[in-house]
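Paired with chain B in one complex and with chain C in the other, chain A is shared by the two complexes that follow.
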Partner chain A sequence: MIKGFGILSSGMSAQRERLDLVGSNLANANTTRTQEGGPYRRRVAIFEALGDDQNPSGVAVSEVRLDQNPGPVVYDPSHPDADADGMVHMPNVNVVEEMVDMMTASRSFEANSQAFQTLRDMVSQSINLGR
Partner chain B sequence: MSDPVNLSLRAALDLRYQRHEMLANNLANADTPGFQPTDLEFEGALQRELAGGTAALARTNPAHLPAPATTGSDSELQNTVERPDVTDSLDGNGVDSDKELARVADNSLQFKAALEVLRRRYGVVKQVLTDMSRV
Partner chain C sequence: MAINPLTGAGAFGGGAMGQSEAARGVLSPREPGGAVGGASSPGGFDFAKALQDALAEVDQTQKVASNKSLAMVSGEDIPVHEVMAAVTEAEMAVQMTTAVAAKAIAAYQEIWRMEV
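And now, the complex of A and B:
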């Protein structure tokens, strides 16, 4: 009936998914082994707008992409994953960048939740009109 | 109960809901690359909504407010405008969350105002009914 709630919750869940990926990236900032081989690759959420101008329907995470930029290579011969020259391929996760992403996502989440609250007030006021 | 003033207040409330929906969509897409925010051109939309119902109620004086069409709220949004706040963002997104939130607050306040007028109009009717039952 009231589509605004759906739109705003889609915004909140998209930001939450983005925060999950930030968490995964931070947790794996030093991971050199993965199932697909090689160091961990940074995960990025790709957002996609749903609906059109006449029929706005919110947002969704359309895919999770692996950041293909090369990570740093450090010299550490004692590391079990070092190659023949003693170099270790590290994940392409930049911790500072992830923190910025985390703050942006959490602010966007807040904005959606604020508008949600406002809509809730509007609806409850209209319901009280009959009193 | 359905005099032109009440009907136009109702149309205004409907449009406030619709505008909130569009602003909500802008906020939800504040991080979507290439997304351009939309807004409802409220005055134009209200005029259109009110003009839709002229067949239902005859106007004997041009100063009279026309009544809205009964199916008004389900009609397609005609007064949608694209309104980017940010034009030089790297990912082509045109949403400024702060301005969007300010619009949400403004819209909800205007909604409240229209609702309050409607509430008082109903209050008068209620008062009359209560007093009548006392006699």
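And now, the complex of A and C:
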């Protein structure tokens, strides 16, 4: 009925999914084992605009990319996942970077929710015009 | 959701229609030969139909909202903001409907008070 609510809701959903990935990255900041083998790789959300030029209808996470940058390699022969030279491949997750991502997601969510409330107030005021 | 403001609004709209139908019956004997008791504007804008369509749309937003609320209270993994967005949209739709219905009734009463 009122398209803006759907659009802003999709924005909040997208930021929430992004925060899920930040959570996954932080939780696996020290993970050296994965199902695919090797250390955990940082997950990045790729956003895609929904609708066409004239009829925007929101945003969605179109795919989750694995960050292909190499992670740090540390010397720790006692580690069970160390290679023959005693080197361990660590995840390419930078905790500080994740915190920045987290704040960006949080602020973007806030912006969407603020716009949602503004839209709600505008609709309310429009209805009150007739009273 | 326990409260369903739509049924209230629907009854409101239906009541307004019923009243206007009754009004035609009451008015026509007073003015013999007058055109007041005639059929509603042929080919014109069908207000009853428009109101019905709008109510159906409001009903739809209500259903979406109540489905999402139900999903949340039954423990499904549905984001809170999605539920609140649906509920807000339904709330706005109902407010708009009641405002329009109130306007329509006010207009009807205005005419009803007209001295002939």
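Following the convention adopted for this analysis, the second predicted complex is superposed on the first by the 131 of 131 C-alpha atoms of A that agree within 3 Å, B and C clash if a C-alpha of one lies under 4 Å from a C-alpha of the other, contacts with A are read in each partner's own complex, and residues count from 1 in each chain.
Basically, a contact is a pair of C-beta atoms (placed from the backbone, for glycine too) under 8 Å apart; a residue touches a chain by one contact, two chains touch by 3 or more.
Computed from a predicted structure; not experimentally measured.
Look at A:Ala84: by the touch rule set out above, it reaches neither chain B nor chain C.
Residue contacts after overlaying the shared chain place A:Ala49 against chain B, while chain C stays out of touching range.
In the superposition on chain A, A:Ser108 makes contact with chain B only, while chain C stays out of contact range.
Once the two complexes are overlaid on the shared chain, A:Arg120 sits against chain C while remaining clear of chain B. Greater residue coverage of chain A by touch, when chain B is weighed against chain C, goes to B. Once the two complexes are laid over each other on the shared chain, residue contacts for A:Val96 go to neither chain B nor chain C.
Residue contacts after overlaying the shared chain place A:Leu8 against chain B and chain C alike.
With both structures placed on the common chain, the touch criterion links A:Arg16 to chain C but leaves chain B unconnected. Residues 2, 8 of chain A touch chain B in one complex and chain C in the other.
Of all residues in chain A, only 1-2, 5-6, 8-9, 12-13, 16, 113, 116, 120, 123-124, 127, 130-131 touch chain C in the complex they form.
In the complex of the two chains, the chain A residues touching chain B come out as 2-4, 7-8, 10-11, 14-15, 18, 47-49, 51, 53-54, 56-59, 104-105, 107-108, 111-112, 114-115, 118-119, 121-122, 125-126, 129.
Contacts from chain C toward chain A in the complex involve residues 57-58, 61, 79, 81-82, 85-86, 88-89, 92-93, 95-96, 99-100, 102-103. Taken in their complex, chain B has these residues touching chain A: 13, 16-17, 20-25, 27-33, 35, 38, 76-77, 80, 82, 97, 100-101, 104-105, 108, 111-112, 115, 118-119, 122.
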